[in-house]
């Protein structure tokens, strides 16, 4: 059995399949997230050795990274500080609880359970090297490296995150009370909210999953951008924690390590074969895009991409 | 970059590397598990297209399946009843808690979080079709199918499990109080203890991970033994829940979906490439073989088998 | 300010006040509890130095003790084994969770949080001295002593409890898995279900709270039946744990240490002044009689009995 | 049996009994609390109709209220806003967890479990009427009323609390994220830290428990300072939640509703009979004074003050 060849027609079918589902909505705890076309449903795939395919029901818009951005400090710190240092800051275990759970941080702490939870990403942001502008510069540098272009921060979303970010402040203060936060709470959260507020178009989202699928090499130039070691760790964390307490279901359905964001993006990796990005702003109570999961499941089945099965 | 060719010499090095670690011990809550050579440290690998390799520091012994046996009702019920029915009995999410946690069953229930936890496996045992002997026959049939040979139950371990199985009784009664157990508590637990008490030699353990790595086909005859669909789901569950609340760490270290047992066995899958079984009875507090994990990590690194990376 | 003199007229008003509330129902997890007149609403009060007063809207019926019976092993074991021994079996802290919570037993264990929770009462039943019939005899003896008459066990309720008692079995097995249960699970639960299934009329319920209010002396003969020390400990446990996770609200409303049962009985104590028993089978989700609490609050206010305030 | 007459000799014996215990230490999470004579061990008792007795092993010092101050917003808001309003802000149930638990606030919320926990007191501080200086004025007014003298804030302790108060910030932000905090997080915490940092001498601590024991009337002038209704509710909350997850043990040992503070003060009430204050800065892991509890237990036994038993 061989992988089928992917066609634009196929992506069109996948999108239309997903459009049948009308559940979910934009996340209400960051009001500014509602300022998008919430019916926008799109998929972009880069199979290695083939051309990039993108299908969207409506014109693409700039949408913020939200939690997909949690990969930036994870990868950047893995590259610069190494895994041993990173694992002193966060564990890499699914917590079984929702993305902003304080209970699990209190009970399973002191370290956050994993870097895909809010607590874990906040922890990592606090350990970005440097002071003040240097930390924001570091973030900018790594964003550029991992998305292969310069991203902007959406100031309305940033402001909306900041205005409604009390739960993240609670997490940050609990971490700070344990003396393990690397930067003060305010600057840490500004870094974290910045991370979440970078915005991109769907096709720009595709570079990162391709990089991870291609063992850290740029799919075009074959230049090693991030190390194989970093790719392995990142894929393992995405496979076990990428969609919070819905990761098991996601892996059963798709077999692709992935990372979701509450804005509606999900990026997924088929190791050695392809990078995938999907977008649909209607998310469920667990913070994952509903149509996004439908598209990834359909794609995985059509292409036999489940765990890179044959 | 290509996968290296595996040699017996390489397995010997892997075993000797692991022998440097002297942490852990046999699990004390099933006293009969101590009746093995606890220094026994062995690995068996079947790369497709090559011959099976086995290296052991000491003579192989019959060792019980323990939780590796949890794959039997999972796979058998997936095959006979289908995934939709199975997912009405158990969820497929890591719980973040230890294998016999009652708290998570009470809080995240009614259904057990996943079929690799005691609660989940007990639940599935209760839904094995038939009555009485038929259920034990079903277990025997599926064990034979998935291990490609007839396994025996170790009566001393069975009796030891039964004598010390109060925590599993507590889980079963909590499930029964919710009216969702398919068989009465006593017979369900006899099925569960039987499952755990099947015993095999290390090389017999290799058939199941090979089957999963080969998309459900017998690696020799290429006959389809279990469906691709069942393989996908099983791999996804192993990748997210196979080593309980140490699965994330295992995936970071090895990138191989796996299932551990408290007797010291761990089986691991490299999709499309190989099946692996390791054995060392010294387990840690989370119920996973310490030397087993060292061997799997070393093997994964030497072979570039992490997420089937190149 | 002096306590008012209580009259039958006053009790009648209290009952009629309570009858306005139609919330709650008999507990559905013990079906046989529904076999009572669920509108029965009654109160009995013995102020010291005055005659006993009883008012009921309907004829009194025999109703089972349910959790009010948890006082029997508590008091009997305090008397025979002393507080130091008792506190090795159970703690005396409110758990903040519901009466049959397993989570708190797992997390705050090994000992149950307090003897008013199911786990705590099961634990105490297992430590009743003797073997088999001797333990049931002990229970009979102490029931007779604390209710000043011979009570019968209602076999239908006993059987109903036993048939639906899986959650209590889960608790008992979790305790047994820790090696701290004094008797095997089966006999322990038979003792526990027996305890719950003793039945009395409302006026017979009054003897125990009077005994506790009178510092352990029979209110008529002034003979010391149980020690002052036992009274103190029992009152403190009732004041902090007597109505499970509604005890704080009960104490705010009434200021009377009390113990409720899911059959609808609540007994309450005004130290030095009076014993009270109320009955109404409509209970809330926390297992406490709704009209019972209304009656106790009204009585406490009318009589200035809150914390024996003046 | 009559209450014995209390003598200074008796208090001396009680203090010396307590001095045998050398466990515990000043709380390390507020460093400034260590700036006291930690061997200071003292008791003050006002039995109604007798003169106030104070015995101390060392000269009395000004010591901060810490959590004993949580009674101030509770009583003040009960008086000014009434119980119905108060119970919309906090529940009155013991949580079973420690005083600064975030888990229980997340799980049992949105409202804090009771006003004696940090979360509950922070919540009440946020609902002190007025804005800015008015709120601090309100606190000053009620402190003066309930301690019958003007107390000062210890600026070193206030600053120490503020510097190390991250866990309280986490609680406040979690409350704020639910939209139920009445004032912004910063000002709320300044009020809360102020409350904790008022300082008094032991004999000044005695006025409040006497007020509560005397049904809200000044023990000397007999003027009604706070209402009977407020006394009832406050006593009930002290009896069930006053020493956090050690309240049950405290009530078993003493039978006196009480409130502890991590600085070493505990105040206790014998309704209708006496007010008590004890001080010893060595506290246990639960934040309660170890010698303080020894003194209260001994006093209760000597005076038969357990639940105002005879």
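For reference, chains read A, B, C and D in written order, and residue numbers begin at 1 within each chain.
To be clear about the criterion, a contact is a pair of C-beta atoms (placed from the backbone, for glycine too) under 8 Å apart; a residue touches a chain by one contact, two chains touch by 3 or more.
Since we're looking at a predicted model, the values are computed, not measured.
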{"item": "Identity of the chain that, by mean CA position, is farthest from subunit B", "value": "D"}
{"item": "Euclidean distance of C-alpha centroids - subunit B vs subunit C, Å", "value": "48"}
{"item": "Gap in Å, rounded to a whole number, between the CA centres of subunit D and subunit B", "value": "55"}
{"item": "Mean-CA-position distance for subunit D and subunit C (Å)", "value": "31"}
{"item": "In subunit B, residues with contacts to at least two other chains", "value": "none"}
{"item": "All pairs of touching chains, each written as two labels joined by a dash", "value": "A-B, A-D, B-C, C-D"}
{"item": "Subunit C residues within the subunit D interface of the complex", "value": "1, 83, 91-97, 104, 108, 113-114, 215, 228, 231-233, 235-237, 239-241, 245-249, 251-253, 255, 257, 271-272, 306-310"}
{"item": "Interfacial residue positions of subunit B with respect to subunit C in the complex", "value": "101-103, 106-107, 166-167, 169-171, 173-174, 176-177, 185"}
